[in-house]
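Here come two complexes built around chain A, the first alongside chain B, the second alongside chain C.
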Partner chain A sequence: MSGSGAREPVFPTRQSLQVMKSKLKGAQIGHDLLKRKSEALTKRFREITRRIDEAKRKMGRVMQIAAFSLAEVTYAVGGDIGYQIQESAKQARFRVRTKQENVSGVFLPQFESFTVEGKDDFGLTGLGKGGQQVQRCRETYARAVETLVELASLQTAFVILDEVIKVVNRRVNAIEHVIIPRTENTIRYINSELDELDREEFYRLKKVSGKKERDAAAAEVERTKKEDQKSQSQNDEDVETHDVLGDQDNEDVIF
Partner chain B sequence: MEGVFYNVNFGYIEGIVRGYRNALLTGQNYSNLTQCETIDDVKLQLSPAYGDFLAALPPNPSTSALANKTTDKLVAEFRYIQANATGTLSKFMEYLTYGYMIDNVALLITGTLHERDTRELLERCHPLGWFETMPVLCVATNIEELYNSVLIETPLAPYFKGSLSHQDLDELNIEIIRNTLYKNYLEDFYEWCNSEAGVAGTPTAEVMSEVLEFEADRRSINITLNSFGTELSKAERKKLYPNFGRLHPEGTLMLSRADDVEGVRIAVDGVSDYKNFFDQTGLSGSGGAGVSNMAGGMGGETKSLEDMFYQKEMEISKLAFTRQFTHSVVYAWVKLREQEIRNITWIAECIAQNQKERIGNYISVF
Partner chain C sequence: MAAPASEYKDRQLIAVIGDEDSVTGLLLAGVGHVNPPPDAQKNFLVVDQKTDNAAIEAAFDRFTDERKDIAILLINQHIAERIRHRVDSYTAAFPSLLEIPSKDHPYDPEKDSVLKRVRRLFGE
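On to the complex of A and B.
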């Protein structure tokens, strides 16, 4: 029935029917577009999930090798060189820059790692012994950090995409399950109301025309009666004499 | 002749040190250690040798905690011997600590240069390199003050004097300072062993000369190899080579001119030991393709040059115990014990990180 379900608070007029119809059309187009966007994003999302999986596995391996190379440094140098390295590192050689990538209207930040060429701050560490291990350890850790940066960019994209996909899906569902049915309901309601009005109007018109007909018929009867009377009275005039008392206008009072 | 009177003064110490040497882990102990599944097992295996020192460790200790505790034992024993040492032996043991002092001073200089609170650094210093005036180093807030009033008071002052000015401390890389000091230290130690009245001409001088010559050559070769690709110039590099050793003077001259691994190989060709090392590590001919095979997870079978040097050092130290009436057993024992600590750390690290395939990389000579 047109009355059931939510509908918008509009007056059932033809104008609002037009408005509702265009609204329904808009909602359907929007729904299609959003659905497509959500699909594109989901595709991307799946790909990112897969790459995160790969990156995490890789990170596990790389970090293991890196931690082990640190153990080698400890073995070769025979002591803790951590403090010295911390102090002699003045500038970051390994840097990260971001750029944005546009995936169906969503801006995903992408981290890119690069190494600043130039002198290395602790190239001389372990000069006496263990220098090679120190350098190799540094290279291994640079690779590990590279993997971490890659993973970070994927994770960020993952979080942002997740959010966006949720929003888009919410919109798609809202349009599909709330806006479109409500608009359709409203249209049905307006239609039924308009039909109702039409029927009422028709009935009224029928009533009016019936009455008019009746009136017309009555008037016709009256007229013919009058005409009859007129012709009769003309005939009467010829023969009939007026009341001599002159009270032919007074009707007889009957008690 | 010296043997007759040696025991009068140093017999007790020598006995003690030989006793300590017998407590060192043997190949059997190491193979037991490599079978361990957890650090706790390692701890258990070590309990005959290190029992009382490891007892305080919590279950599943970190490898660094393990290394600290094993070092504590070395330090405790060293202190005991030092307390009982007299005459030339006491001086000899002081010389042993200078090497660690250099590391500590370098650490504190680094801290001062970067204006850190050097007090925190005292904990990081090697306990063997501790000297009475070391905490005073923390008082200095700038490098000039450090140089003029504090470093002069340390036992290392002679090594600074003449080769480093306070401007150098500010400008030079701390590694260069450290290696300059170490060079001066080695030369001084060598000089002392061969000229001190009670030492020169004794087996001590003989053994220590061999040990120190090897140490000097090792440093020269390592400095050369590690300086490739850094901003260290050849002239500066040359200054870091100790002025004695089997490579000196022709070998070091050639080392100072070497541009690559091949150059180093040619420089050391004259000494068969080092030539063998280079041949075994595959450095010769391949031209630096694998400067050291120790890392990278792959090719762990062949040993790195560093490993070969450690191995050689351990063999020299082991042979030192075949001589009697000499101070050098103390040196040898300290070195053997240090290697043992490194081995334990390495094995523990391999177990903790589940990298069993490389666990056999320790060096055992007994």
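On to the complex of A and C.
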């Protein structure tokens, strides 16, 4: 029944019926578009999760190799260089910048590593001995960090896409389960109200014409009655025309 | 929807919370950065047995909330384990949080907060 269920607060007129119809059309188009967007994003999302999985495994291996090369350094230098390194770190040479990638209207940031040319903080590390190992270790770690940066951009994309997909799906569902049914309901309501008005109008017209007929019939009856009376009274007049001579008792003498 | 550009255009640094070896190696790669004095803040924290969890959490907060120049935060998995509730409830896109293996603790994908989410999403 059109009266049940949520509907928009509109007056049931033909104009608002038109408005509702165009609104329904718009909602359906929007629903289709959003659904397609959500599908495209989900496809991308699955690809990213797969790549994250791979990259995480790769990271495990790379970090292991890097740790091993650091162990080599410790062995070659013949002592712990950790403290020295920590104290001499001043300016980051290895930095990341962010680029944007557009996936169906969603901007996904992507990290890109770059090296700032400048003074080397660790120029003196391994000067005495083990300089070669230190150099190799730095290269290994630089590669490892590049892998990590790659993984980080995948992960950021994952986090953002996750959120965006949720939002888009919420919208799709809202349109599908709230807006479209409500608009349809409103259209049905307006239609039924308009039909009702039509019926009322029809009934009213019928009533009016019926009344007119009745009136006409009544008038007719009245008129015939009147005419009857008239003729009656004429007859009466004929009958009651008294003899002015007052000899009505006497038979008319006919010769 | 997507994060506005202003949120990450200044983010250039990689921060590290890790044990001594991991930090040393990453510093050798050139990620270390110390802000100019007077507030000489380092973008790395060395954690050992004596470091208490409050200090780790403070560093975690500093790197994720306060500093706006950090793009990626690397944290050793066994240290992330110590502040697991904080790591798991961290959902922001920037800085990106990455759990890395350390020398003594091999990487365990079961514990990674992101991989956990992946598995939850795909219902495995």
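In the analysis below, the second predicted complex is superposed on the first by the 204 of 255 C-alpha atoms of A that agree within 3 Å, B and C clash if a C-alpha of one lies under 4 Å from a C-alpha of the other, contacts with A are read in each partner's own complex, and residues count from 1 in each chain.
Operating definition for what follows: a residue touches a chain if its C-beta (ideal position, glycine included) is under 8 Å from a C-beta of that chain, and two chains touch if they have at least 3 such contacts.
Since this is a predicted model, take the numbers as computed values, not measurements.
Asker: For the three-chain model obtained by superposing on chain A, do chain B and chain C clash or fit?
Answerer: Aligned through their shared chain, the two binders fit side by side on chain A.
Asker: When the two structures are overlaid on chain A, which partner does A:E8 contact: first (chain B), second (chain C), both, or neither?
Answerer: neither
Asker: Contacts for A:C137 in the overlay, against chain B (first) and chain C (second): which applies, first, second, both or neither?
Answerer: A:C137: touches chain B and chain C.
Asker: May I ask you to decide whether A:E193 touches chain B, chain C, both, or neither, giving the answer as first, second, both or neither?
Answerer: Neither: A:E193 stays clear of chain B and chain C.
Asker: Looking only at contacts as defined up top, I'd like to know whether chain B or chain C touches more of chain A.
Answerer: Of chain B and chain C, C contacts more residues of chain A.
Asker: With both complexes overlaid on chain A, does A:Q100 touch chain B (first), chain C (second), both or neither?
Answerer: Once the two structures are laid over each other on A, A:Q100 reaches chain C alone.
Asker: Could you tell me if A:E39 is touching chain B, chain C, both of them or neither one (first, second, both, neither)?
Answerer: Neither partner.
Asker: Go through the superposed model and pick first if A:I160 touches only chain B, second if only chain C, both, or neither.
Answerer: A:I160: touches chain C, not chain B.
Asker: Is A:E72 contacted by the first partner chain B, the second partner chain C, both or neither?
Answerer: first
Asker: Considering only touches as defined above, state whether A:V149 meets chain B (first), chain C (second), both or neither.
Answerer: second
Asker: Could you say whether A:I52 touches chain B, chain C, both of them, or neither, answering first, second, both or neither?
Answerer: Once the two structures are laid over each other on A, A:I52 reaches chain C alone.
Asker: Once both complexes sit on top of each other, what is the least C-alpha distance from chain B to chain C, rounded to whole angstrom?
Answerer: Superposition on chain A places chain B and chain C at a least C-alpha distance of 5 Å.
Asker: Overlap the chain B and chain C contact sets on chain A and report the shared residues.
Answerer: On chain A, the residues that contact chain B in one structure and chain C in the other are 64, 67, 69, 71, 80, 125, 137.
Asker: Within their complex, state which residues of chain C touch chain A.
Answerer: Result: residues 1-3, 5, 8-9, 11-14, 20-34, 42-44, 46, 71-72, 74, 91-94, 96-98, 100-103, 106-107, 109, 112, 114-115, 117-118, 121-122 of chain C touch chain A.
Asker: So in the complex, the part of chain A that touches chain C is made up of which residues?
Answerer: 49, 52-53, 56-57, 59-60, 63-64, 66-67, 69-71, 80-82, 85-86, 89-98, 100, 106-109, 111, 115, 121-122, 125, 134, 137-138, 141-142, 144-145, 148-149, 151-153, 155-156, 158-160, 162-164, 167
Asker: List the residues on chain A that touch chain B in their complex, please.
Answerer: These residues of chain A touch chain B: 64-65, 67-69, 71-72, 74-76, 78-80, 83-84, 87-88, 119-120, 123-133, 135-137, 140.
Asker: Can you name the residues of chain B that touch chain A in the complex?
Answerer: 63-64, 67, 103, 106-107, 110-111, 113-114, 116, 121, 124, 126, 173-176, 178-179, 182, 218-219, 222-223, 225-227, 229-232, 240, 291-292, 294-297, 304, 306, 309, 338, 342, 345-346, 349-350, 353-355, 358, 361
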